[in-house]
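Per-chain residue numbering starts at 1, and chain names A, B, C and D are given in the order in which the chains are listed.
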Amino acid sequence: MIIEGVILIFLLIGTSFNTLGVLGLLRFPDLYTRMHATTKATTFGSIFTSLSVVVYGLWLFFDSKDSQFMVLAIHAFIAMLALAFTNAVGSHAIARAAHRMGIKPSPAICDRLEEFHP
Amino acid sequence: MNDPWILLPFWYPIIAVLVILMAGSTIRLYKGPTPADRAVAVDTVNTLTVASLILLGVAFREIIFIDVAIVYSLLSFVATLFIAKYLGGEL
Amino acid sequence: MIPFIITALFGFFIYLVFTAGSGNIGLWSSSELIAGVALGILTGIVTRNFLCRKKNYRMANPIRLILLAVYIILPFFIEMTKANLDVAYRVITMKIRPGIVRVESNLRTDLGIFMLANSITLTPGTITVDIDEKTHDLFIHNINIGEGDEEKAAFKDVELFSLANLPAWIRRIAE
Amino acid sequence: MIELIPQFLVLAGLIISAALTYHFRDLLAAALASGLFSFLISLEFYILQAPDVAISQAAVGAGLTTAIFIIAVRATGRFEGEN
């Protein structure tokens, strides 16, 4: 009962942060601020939904002593790690390419990279 | 014979919410003024897809389905890097 | 020879992680262990020049790997939670003061810069945009610059993190 | 019944992304929408319990076809009707 509650709470945290990420993608004014919302919030939300699957697998493993559930937990954990790393590196690549392409941060206080890379 | 999978009722509603969020980021794909915005929207859809793939694998009670999520996340990373290389003019 | 051994062990370990739960020798079956050894040796022969290109075996030290796991679980995850609450606040209220600033990092190794850049991307209010290749400074996009901070030529990397001192952890792990 | 809702939503997303691929005059955006179509059809194969087809669709449709489209856009012109 408690573990079901933990799984449900993890899923709710994950989906609420995913929702916030997509809301930020729709509401923010320029590319870099949108990227803040998508990178952080969707990575965190997907980590939590995967973590609920890890908890579910470990629970079933200790409940039934069947090793296939250990496989479920380990593979969900690997998928979570792959997701976190690829998201961070991919967003860095898109931000760098966008600045080289000439997209300026439109409401911006200062832009030091503009002075460095004219 | 008793089933070792304990049935939990809340996988499918969460997956439905994630798919609705994918449709929401399609709006940014439609509106986005620059191609970089569209690339960010596609990247968001990929992340949400991987999350829903993991949940769907559990909902279908097939462990081998989780491996598809790993392969999918790495392949979508390749596509994102390719788009970024083109946008930065380094291709 | 040392790059070959490290790469083969790494490949064997990855294979073991992916095939856990297949049999009864520990968690693995005997055929999976034999296939893992063969594939590890093959991977070591083919890719020995890619993983250890700089001839730098600092990360083969197990203490550093344990510190890396502790770093990801404790301080990094706390900062990430704070970052997401911050993003939630800014999505709802739309109070932003964005700008691109320069951050001094005194790291020298590639792995250290990689970890610092990814930590910055996933922690409060900042994403990495570009790198100065000569001085190893990072250019980051900050979503909420403090009043008067836009006059500064460069930030220190410690000023970006408020709860835990992540650059000191990265220096301990990767330098 | 509840397990059909994600499937219908994914089918609607397929129709929307195909229409977007037709709609865009910017060919790079059209290539991105086509990549989105490939990702969504991979998810649809997965929902129909065919993970092997889903893997090959993700590899070929999303990775390779998007890359080939982008190379083609770079070699010709960015906008439709441009010489």
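Please note the rule applied: contacts are C-beta pairs under 8 Å (C-beta built on N, C-alpha and C of every residue); 3 or more make two chains touch, one makes a residue touch a chain.
Source: prediction; values computed, not measured.
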Revision key, fill the gap. Taking the mean of all protein C-alpha atoms as the centre, the chain whose own C-alpha mean lies closest is A
Exercise for review: If you tally contacting C-beta pairs, which comes out ahead, A-B or B-D? Let me know.
Suggested key: A-B
**Study point:** For chain A paired with chain B, centre-to-centre distance based on mean C-alpha positions, whole Å
**Key:** 11
Exercise for review: Give, as an integer number of Å, the spacing between the C-alpha centres of chain C and chain B.
Suggested key: 23
Point to revise | Rounded Å distance between chain A and chain C, as computed from the means of their C-alpha atoms | key: 15
Practice item. Give the residues of chain D that touch two or more other chains, as numbers and ranges in rising order. Key: none
Point to revise | Where chain B touches two or more other chains at once, by residue number | key: 39, 67, 76, 83, 86
Review point. Which parts of chain A, given as residue numbers and ranges, touch two or more other chains?
Key: 21, 35, 43, 68, 71, 75, 78, 89, 91, 96
Exercise for review: Write out the stretch or stretches of chain D touching chain B in their complex.
Suggested key: 2-3, 5-6, 9-10, 12-13, 16-17, 20, 26, 28-29, 32-33, 35-36, 39-40, 42-43, 46-47, 49, 51, 54-55, 58-59, 62-63, 66-67, 70-71, 73-74
**Study point:** List of chain B residues in touch with chain A within their complex
**Key:** 4-6, 8, 10, 14, 17-18, 21, 24-25, 27-28, 34, 36-37, 39-41, 43-44, 47-48, 50-51, 54-55, 58, 63, 66-67, 69-70, 73-74, 76-77, 80-81, 83-90
Exercise for review: Using the touch definition up top, name the residues of chain C that touch chain A in the complex.
Suggested key: 17-18, 20-21, 27, 80-81, 83-84, 87-88, 90-91, 94, 96-102, 117-118, 121-122, 125, 127-130, 132, 139, 141, 143, 145, 150
Point to revise | Of chain B, residues touching chain D in the complex | key: 12-13, 15-16, 19-20, 22-23, 26, 29-30, 32, 35, 38-39, 42, 45-46, 49, 52-53, 56, 59-60, 62, 64-65, 67-68, 71-72, 75-76, 78-79, 82-83, 86, 91
Review point. Taking the complex as given, what residues does chain A use to touch chain B?
Key: 4, 7-8, 11, 14-15, 18-19, 21-22, 25-26, 31, 34-35, 38, 42-43, 45-46, 49-50, 53, 56, 59-60, 63-64, 66, 68-69, 71-72, 75-76, 78-79, 82-83, 86-87, 89-91, 93-94, 96-98, 100-101, 103
